[in-house]
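By letter and in written order, the chains are A, B, C and D; residue numbering begins at 1 in each of them.
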Amino acid sequence: MKLLEIDNIAASYGELRALDGLSFSIDDHETLALVGANGAGKTTLLRVLCGLMTPTRGEIRIDGVALAPGDPRAAANAGLALVPEGRLLFDSLSIEENLLIGQSARTGIWSLDAIYELFPILRDKRRLSPAALSGGQQQMAAIGRALAANPRVLLCDEISLGLSPLITGEVYAALERVQAEGTALVVVDQDVTRAARIADRVACMFQGRVTFEAEAATANAATLKDAYFGLTA
Amino acid sequence: MFCEKGNALLRATGLSKSFNGVPAVASVDLDLDIGESVGVIGPNGAGKSTLLGLLVGSLKADEGRLIMEGRDLTRMAVHRRVSAGIARAAQIPQTFGRLTVAENLRLPAVFGAGLHGAEAERWVEEVLEMCGLAELAGTDAEHLGLLSRKRLELAKAVAARPKVLLLDEVGAGLTEPEIEQIMELVRKLRDGRAVMWVEHIPFALRGVCERLVVMDKGAKILDGPFEEVWADPDLQAIYMGVPDDEVA
Amino acid sequence: MDRHMNLILLAGGFAAALAGAFVFEPGMLFLLTEVMVVLILAQMWNLLAGFGGQVSLGQQAFFGLGGYLLFLGANSTQIPLWVWLGVTPLIVGLLAVPLGLVVFHLKNAYFAVGMWVVAEILAAVFMRFDFLGGSAGIVLRPGGASMTMNPERLVFFIAAFGFVAIIVALRLFLKSTTGLALLGMRDSPDAASACGVDVRRMHLMVFVIAAMGCAAGGSLYYITTLYISAADAFQMNWLIVMMFVSIIGGLGTLTGPIIGTLLFIMIREAMTSAGFSGGTYWIVMGALAVVVLLLAPRGLWPLIRDFHFRKTGRVTR
Amino acid sequence: MIQTTIELLFQGITLGGLYGVIGAGLALTFGILRVVNLSHGEMITIGAFVAVGLVTVMPALPIALVLVGAFAACALIGGLLQAAFVERAMAFRDPMVPMLVTFGIAVILRNLLVETAGADLRGLDVGGIAQRSFQIGGMSFGALPLVTLVLAVAVFVGLSLLIRRTAFGREVRALSDRPEIAALMGVRVKHVYVKVAALAAGFAALAGVLLAMRASVSPYSGVSYLLVAFEVVVLGGLGSTRGAFAAGVLLGVVQIVSSRFDSNAGLLYVHLTFFAILIVRAISGRLS
């Protein structure tokens, strides 16, 4: 059975259509690289998935069970966790408190210690405010905060935005270890090739729909570029 | 295309803006000329919206200057820049819901273009006609559909008789056939003014803009004839990342 | 058509005000004058908040100031009371300019409560200093002598005709290009400035007009009572009245505040004659305001109008 | 001379502590809920009247229990109002709607109080403590102001511990930083809002009881206290409990000193101080 199924989802900001009848699914243990230009609807899709936005139609299913739409707690309890674009850590909370507040949803292998093992630097900085950390360390804290909920699918939005290539490499190395624990991933990244390298499949969004989907290993760069800029339509 | 470098219609030099110490636009130079239509693209966080804000005046530049026809606009408020000849159509239509379509256009015609009485009326008629809104003239804007409101947003900017028309993702949220209609409209609006169109759907710019500017991380990376920039490998690198074989 | 309507309104208002002033008993005239004053105040708060988007909790400052300036000016000079009545709003308008420039630095809720503090300061100042009446208040003695006439007929005429004139003036104003800018600002101040409108100047203009209108209301009201005190003139209830009737009737429309005022007076008179206390009455009004805010935040009149629109397909403005 | 100054300062600081407490309550709702709660003043007067009622019915009730009773009653009212009305008003995009709704609620509560308890001024008689005082170096300090100060400090320390050291406080801070992300983390947003509103109302009640011991209160006193609380919040800066305490003390001292020189000026100099600082800040561009 599919782990996560997205069935004909549409969503809009007021009158602006952001998602327009979008469907795809993810298997257990699978990693999907979700790519597309600005405004293609990637962030909106992630927001709908974790309950921050209510879709105007369609259904999200986890293990075949429909998820209550627009309910962040239900999404968290069902095993969806988001690493938001721009990290969005809580500045009034210490790093450790940021991790602790993520813990409420589910129990599992991602204890505080396990997260500190994944990102040892966070243990050293656990008493500090996120503002005192570098961009890369903040991204690690954001991933840690999402992992603390022990998600079945980890949703990562613009994971390398604003990070140096070296730090990006570190972040991706950590994601590979998350993969190894059996967690499914949806990775959105500006750097398409970077995201595709970690993924089993690549899906390209354009104008609120998935316009192109392929095994990551076989994805053709030229076809991908056309899909990305909407030249296939 | 030849353009005399000494006297551009609008010249931005070294425009910079930071938010909480993080640079959003870093030292951007940009010239715009009458008759030109320039597309601006760039990934998330490239600084396109910030640049637009600096040109329109809703944001105050930390550094740099903005000169239009010899006048320094750098410190000028939004409403005075409109009179000076810079108008913007916003991404989310900012139409006046409880005014009719014609009244929506009278405001920029009177306060932006400085027209009065019958002259203003004639100009509003003309803009209505040009933007395909003539039949909706008496409808309250809040009863319009999205495409019509996008048209009205464009029409409002045009009604201010700008020399520089800035378009902020006016295609966002529309279907492809609807975007074609907007493209058609923008083509008509190019005459006699400079058009700068920020859009994240590059295909919309193709066929409307002959010049393309690419921004990334707050800086202007590429600027030149559309097809030339479009074929530039740097463009692909910015959007798609560097392919594996080149890393190796 | 519109011009005819305005002329008819003015002529009808003049005739009705004149007739009313002669026909009604003094007690009734007192009540009707209060109704007119509330109508003017509500229209001013509506202009400021509904059209100008500036929610102020301190408009009682201008109301009280209008009353006090009239009393102080008329009592201590030989300028005739009725001339001074016309001058008072102008002075208050002038005072509102620098005040506006300061309080506009405050935004939204800060502006609202900041204005409230201004009203409290004025109340305390007038209460504190004896040459301003002090806690004892002031009796109206134009030119230092007791009033020789009963002013209620003339005051009612001025208030009633003044209200009609204000409505006609607002109708004309909203048809003008400046008025169009104000109507635009009602929907979106940002979009208005993107059309070339100087939003700050418009805000100041509306602020000054509203101050003048509230001052005129204060002057008219206190001529009929012949006595003014700071505790009464600067009290919160004046604000509550103008705010509630605007909100309940419908902000940003000319008809809304009129409907709100009629409701306000009718409910009050009905409850008083049924023996309910003033407190109970305010509880009812407060509950009505809260319910309208939560269920129909645009107010009752737009609700009625939309219903009419749906039934007949015709738009009444 | 110096002794008089110290005595005045002492009185000012004790009153200021109370002002700080009511300001902290208002700042709490504004900082977390983003609602300017104009019924905060009524919570102060209701707290005072609940205390008056308790003491009338049970004259032997210890002052500590009176405070607990007033706190509980107002916390209940504040929480219920939040759940029933303010929450709904917060759904509107315009932040003026919740503010105007709380204004309407304030009018209702004020007049309910008038209807049930009468419009008269009431004082709270707590027996001997009001008269007791002790001498240090020829200066006289009242016992009641001292209790007030201790209680104000205790409220501030307690609030600070609650916010910084507990799981609830963690949720509150997260919610105030980024409500959306906090919801993602499983924080029950509306529950926290109701609890915060209850807490703020409870603090207002505590201050109300102590204010009623110093001077009489009437149902109409809430308005003045609300304005003082608002001034404390604006001067002290949002979300800063220390700032609220400092601003409270400043206004308290102004109030005491000014009433010494000008006994019937009421809150005039307090308001003037606030307005003057506001103008200075506005001109120097610190408010925007």
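Before moving on, here are some points about what is shown:
Please note the rule applied: a contact is a pair of C-beta atoms (placed from the backbone, for glycine too) under 8 Å apart; a residue touches a chain by one contact, two chains touch by 3 or more.
The structure presented is a predicted model; accordingly, all values stated were derived computationally and were not measured.
Centroid distances built from C-alpha atoms place C farthest away from subunit A. Separation between the centroids of subunit A and subunit C, computed from CA atoms only, is 56 Å.
Separating the CA-averaged centres of subunit C and subunit D is a span of 32 Å. As a whole-number value, the distance joining the C-alpha centres of subunit A and subunit D reads 44 Å. Computed from the mean C-alpha positions, the centre of subunit B lies at a distance of 50 Å from the centre of subunit D. Residue positions of subunit A touching 2 or more other chains: there are none. If touching chains are joined by edges, the resulting network of the protein chains shown is one closed cycle, each chain touching exactly two neighbours. Interface note: chains touch in the pairs A-B, A-D, B-C, C-D. Across the interface of their complex, subunit D is touched by residues 50-52, 72-73, 75-77, 81-82, 84, 88, 90-93, 97, 100-102, 104-105, 145, 149 of subunit A. Put simply, subunit D touches subunit A in their complex at residues 167, 170-171, 173-174, 176-178, 180-188.
Interface residues of subunit B facing subunit A in the complex, by the touch rule stated above, are 43-45, 92, 145-146, 149, 169, 172-176, 200-203, 236, 239-244. Residue ranges of subunit D in contact with subunit C, taken from their complex: 36, 38, 85, 88-89, 92, 94-97, 99-101, 103-108, 110-112, 114-115, 223-224, 227, 230-231, 234, 262, 264-268, 271-272, 274-275, 278-279, 281-282, 287-288.
Every residue of subunit C that touches subunit D in the complex is listed here, in rising order: 55, 57, 102, 105-110, 112-114, 116-118, 120-121, 124-125, 127-128, 135, 236, 240, 243-244, 247, 277-280, 282-283, 285-287, 289-290, 293-294, 297.
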